[in-house]
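Below are two complexes that have chain A in common, paired first with chain B and then with chain C.
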Partner chain A sequence: MEIKKTLNGNELLVAVEGRLDTTTAPQLEENVRSSIDGMKSLVFDFEKLEYISSAGLRVLLAMQKIMNKQGSMTIRNVNETVMEVFEVTGFVDILTIE
Partner chain B sequence: MVYVQLILLTLLPSVVTCLLYWCNKWCSRSSFFAGKGKIVKKIIFGLVFGWAAVASTKLSVPLGGALVSARDACVLTAGLVFGAPSGLVAGFIGGVGRFLKGDTYTSLGASLTTILAGMVGAALRKWMFDDKRPSLFYGTAIAFVLEVVNMLLVFLTNMQNVRESFLLVESAALPMIAINGLAVLLSMLAVSILSGDFRHNERRKDRLRLAEAFSRWLLCCVVLAFVVSFLFIYGLETRLAYSDAESMLTLYIEDVRDDINDASDENLLALTRAIREEVEDLGSLNRAALVELLKKYDVSEISIIDENGIIVESTTLIYYGFDMASGEQSKEFLVLLDGTNELVQRYQTVSHKAGVAMKYAAVTLSQGGFVQVGYNSQRFQRDIDERVEGLTRNRHVGEDGFMLIANNNFNLVSDPNDHEGESLYATTGLKTEVGGEWQLTREVVYGEDSLVMYGVTEGYYIIGVMPMREVVFGRDMSLYTTVFIMIMVFAFLFLLIYFLVKKLVVENIQKINSSLEEITGGNLNVSVDVRTNKEFVSLSDDINSTVQTLKGYIKEAAARIDKELEFARTIQLSTLPSVFPAFPDRTDFDIFATMDTAKEVGGDFYDFYLLDDNRLAFLIADVSGKGISAAMFMMKAKTIIKSHADNESDVALILTRANRDLCENNEAEMFVTCWMGILDFRTNIVTFANAGHNPPLVRHKDGRFEFFKTRPGFVLAGMEGMKYRLGELSLMPGDEIFLYTDGVTEATNSRNELYGDERLEKCLNGLVGMNAKEICRAVKKDVDEFVGEAPQFDDMTMLSLLLMEKDCISLDPKEENMETLLGFVEERLEASDVPVKTIRKMSIAVDEIYSNIRLYSGATTAKVECSVLNSTVQLVFMDNGRPYNPLETKDPDITLSAEEREIGGLGIFMVKKTMDQVTYEYMDGYNRLSLRKSFD
Partner chain C sequence: MSMIRVENISKSFGSLEVLKDVSLTVEKGERIVIIGESGGGKSVFLRSMDLLEVPDKGSIYIGDDELTSPKADLNRIRRRVGFVYQGFHLFSHLCVLDNITLAPIRLLKMKRAEAEEKALKLLRMVGLESKKYAMPDVLSGGQKQRIAIVRSLIMEPEVMLFDEPTSALDPTMVGEVLATLRLLAKSGMTMVIVTHEMSFAREIATRILYMDEKGIYEEGTPQEIFDNPKRKKTRDFIHKMKYLSYKIDSRSFDLMQLQGSIRDFASKYGIGEKKAYRLQLCTEELIYEMLDYGKSDCVDMSLELSFDEKEKSSLIRLSSKGVEYNPFEKACDGLGDGIHGKADVSVGGDDMVHLGITILKNTARRIGYRYDAGNRENLFEIEI
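Take a look at the complex of A and B:
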């Protein structure tokens, strides 16, 4: 998995490439947590994300909880497989998906 | 000597026939005379028979001016027995030989007959007997008719002397006909016996051919007509002959009588004239002068009658004054008073004295009245005898008849045999009690049967004699000619009717029969078309319309049967598992089976079913016979086996019990061969039992198909109380097993070769990487190509079972092995062309389940099996951790907000949601979680 972070003022854009599973989820969490402080907006770009497992969902949920306090979180370019996971797990109601 | 000659003549044709028959047999074996040589052979045979005919002519026995021989029999036998060319050649040689001999005047007729015999034999053999040997009866009849023709020809060629030629024919006819008929009969009999037909003929007796029956009736009718007309002609001709003889004899006797009368009349008249001269010279009449004259002329009586018819002077005193008009006899002389000059009377009884016979003559006297002179019998006899004597010696009546004259003492006066003076009765043998005058009587005269008639005049008996043979000569000639001509007419009629019946009836019937044979042979498209006459047209039309109607019925019936069979077929097929993939949720094995029936319904069957999740029962069976009965027995067998398999997992016991049930009430004596196995997926061991079925073919992974032969048990339903042995076959994932019925190995092509075990084995080993369905299809295709156009005789059933190879990975459930596992699964799925989307879902599942095992189970070993079959991916996770059924965990509430959400349980929930099927079991110390997901 590769993570590309782009900081634009108080807006953080995180582009995730590859798989977001048990192995890689902790890296993403650690990575995002380290730069999320004071951010008004967190945007995930999942254009190149292959799939996401429950471990990945846990990271997203944790991030969503943080951003609910300090701003907003948006997820972009969700592919079909990932979207299906979101739908099955009810995450579509929690997350803001563009 | 003559008899020996006759016997030799009779036997000659049969001897030649026998020799040539053997020769012919030898020839056909040596094949020297094949093809065109056959004609040469027949001509050679003809030459031999020609020689025999000439020899027969040489040996001939002279009889009544004719030569009796069996020449015609030789020629006829050649034609009838050895064929037309032989007959023609023999006839020509025989005929020419006979003509050149030429010593009797029958030679022309006889040689013509011989040539005719050759032609008749040849023609009849060719056209009447269809170039086959005729029966004994026909052969003899032909010889008979031919000899009759011979006789007629002899007769015809010698018309200048009918009598002589008739006598010849009369004497020669019977021997000729007998010898030739017998000779032909013997020849035909000899050939019949040699060829063995003789015994066959006996058995065929009761079935007459139409033409034969016809001719037989014709023969009866003609013979009847023949007999009737023969009797009629006989009667008529006899009457005619008698009346001819009668008139002839009458004529001759009258002739002689007239001669005698003339002679006696002349004599008496001459005396009377002389006496008249003397009386006129006397001038005066006195009795003494008359007595002088009486003495001088040696007469019995002289009377002078005056113009009034009164005797005025007489040598007999009592006549004086007698009135001539007073007596019948004397009255006749009164005509002399009316201008007649002379009158002579017959020798007869006189008027004036009964019992006295006299002959009178009278001559008129110039002075008026007349003188009457009379002879008494003695005087008359004396006077006439010398004139009558030998009168008839040279008179013939017809050819051989003759005349006799006897005087009133019954002594012969005239006799062609010079017996004059002798007694009539003693010499000629005539009997005294001969009938009346002018009546025909039959007497033996001079030792010959004759017709006799007599007339009396002037005291003489004139006897006409005609031998009977001469009397009936004309009759016999008519009879012979009539009989001969009738025989010829019959023969001709017979031939005519025979050919007419053959042409108009038999040939048409044969045509109709051959059409009917085709129709009964199953070809209903044949139409009968004989249109020679009205009856056959109507018969043809009737048959055609019957066939059309029949065709309609058959079509209807066939359609109904087809429909019912189609139902039966549907029902039968519906009892066999026929939806494939049969177990779409099982990826650990692949099974496929087909049944191709030879008829609409078949006697083969296959079956398979899961006894539980881990055991698959599968079997193939073949009922003896085909069609409906086999199909019904198959249904019974299948149901019984299935019902036992439901309660019993020992295959041998299943078959043992099925056999017991099938033997009950098996009155149709049918039986079933069956191979049944139960595969346990946990051990991959097949336990099986074989009831007389073909051995299956088994291929172990990376090996070749080989026949798995074990000693089979007896067939099911064959014998009560049979027990079946249990066998075991160990398989591994990737192994294959192929079951079939003998319809496959015994499929036959048009050259009558069997498909056979070797071809099947070779075909299966040529198939690589195919699934069960493809294997069955490929084998079927190979068999079809082998069989070609030849029809399918037996049901053809195949069952293919593949134990799927499962890719399996075993690893220590640690985090660092996660990548390995994912790599393993993804690689397998990609290799099986599973869509990326499905691969990703499977990856998510692997991530979730593996994390669970790794983090919570405490397992030290985890195994994952991955397989793809029938567009389904199956993943099986096994771990030796704590028994834990993840399916029992409570699903998370996914409607809660982000703050309220618990994060646990989401992974297994996702797996349950995205997979088609998730099953769990704990077995042998392992948690076993199985995931299944289908793709398009």
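Take a look at the complex of A and C:
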């Protein structure tokens, strides 16, 4: 998995490439947590995300909890297979997906 | 008269004997698929049929021409046989049309116009007419292999030999080459194919040869070999081909390697991308559910994946040793069906803990669970 972070004022854009599974999810969590302080907007770009499992979803939910207190969180460019996981878990209802 | 007759051939490379006293008769219209472990002599045997490997002893006949005779006119006899290699071997400095027409113009003394007309007809057949002036370098692997097949066909061979024609291809391109082979099979072409594509072998072959122990270890119809192999090594090989087995004995097992194996398994059986994703997802979720909540003192899991070609469904079987723990308890009773429903994933919701189980319940076609108290084994069957 590759993580590319772009800081734009108080917006943090995180582009995730590859697989977000039990092995890689802690890496994403640690990486985003370290940059999220004071951010008003957190945007995940999943254009190149090929795979997500519940371990990845947990990270998203943890980030959502943080952003609920300090701003907003959006997920962009979700592919069909990743979207299916959001749908079967009900995550479509709690995440803002563009 | 038989198309190919191989009589008692043997072949060694230095001290390594690869083939010992192997015989085979291929009748007109037969489609023989050769399967077996890598290094089992499949390719050497196939290449011998065109004398690309010269046997140390024995005879090979194409029709009534003896290929192994010292007086044999090899060029003339070889024209009766088309050979398609793993690695295409197109001439990179010639365009597609020239690659195809080179042999008929030079060897059969065919007029260029006639050769081109014939080439175009064959290119149309494999759906590549628009690439007639393309150079090989700009073609995909699948396109190159279809061109290589056309290049053989233009010589009007009586029999075609294929040496792992899809193994050098990206998985996404295997289908187009197999489709071309199916077309040939439909036209009644006599074919001998070495391949690792098991579902294709089952579908296309009139006879399957399993090679091991320096020869044809077992042969039979696809049903006989795939569903009811008689001899031990065939059984072991077919089992390995049909099932992906994986042992997990530590929490820090290599998930990436396992997922890679599942992707390879899926591509071998032509399992679509979506289903391959679900297979990886359900496998990961079930394993970690048991690792995290299975309450076992030591990790001892066996995973087995299989694919039912008739039902087009995949089955994940997981055995996890330890105390009884059924994460689907509320949803399924014994070997019943999983009940679908979404998890309470509201921020702070309870189901976050067992999110993987929610995924499994909503992704699987069927979920089965039972506990084998005698062996202290939790047994799962997840159908995707």
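Quick note on the criterion: the second predicted complex is superposed on the first by the 98 of 98 C-alpha atoms of A that agree within 3 Å, B and C clash if a C-alpha of one lies under 4 Å from a C-alpha of the other, contacts with A are read in each partner's own complex, and residues count from 1 in each chain.
Everything that follows uses one rule, which is that contacts are C-beta pairs under 8 Å (C-beta built on N, C-alpha and C of every residue); 3 or more make two chains touch, one makes a residue touch a chain.
If you're wondering where the values come from, they're calculated on a predicted model, not measured in any experiment.
Visitor: Answer with first, second, both or neither: which of chain B and chain C does A:Ile66 touch in the superposed model?
Guide: A:Ile66 contacts neither chain B nor chain C.
Visitor: Touch check for A:Leu13: first (chain B), second (chain C), both, or neither?
Guide: Neither partner.
Visitor: Return the residues of chain A at which the contacts from chain B and from chain C coincide.
Guide: In chain A, positions 19, 21-23, 51, 53-55, 57-58, 61, 64-65, 68, 80-81, 84-85, 88-91, 94 sit in both the chain B and chain C interfaces.
Visitor: Given the complex with chain A, which residues does chain B contribute to the contact?
Guide: It is residues 815, 818-819, 837, 840-841, 843-844, 847-848, 850-851, 894-899, 901, 903, 906-907, 909-910, 913-914 of chain B that touch chain A.
Visitor: Which residues, counting only chain C, touch chain A once they are in their complex?
Guide: Interface residues on chain C, with respect to chain A: 255-256, 259, 273-274, 277, 280-281, 284-285, 288, 342-348, 352, 355-356, 358-359, 362-363.
Visitor: Name, in rising order, each residue of chain A that touches chain B in their complex.
Guide: 19, 21-23, 50-55, 57-58, 61, 64-65, 68, 80-81, 84-85, 88-91, 93-94
Visitor: Could you list, by residue number, the parts of chain A that touch chain C in their complex?
Guide: 19, 21-23, 51, 53-55, 57-58, 61, 64-65, 68, 80-81, 84-85, 88-91, 94
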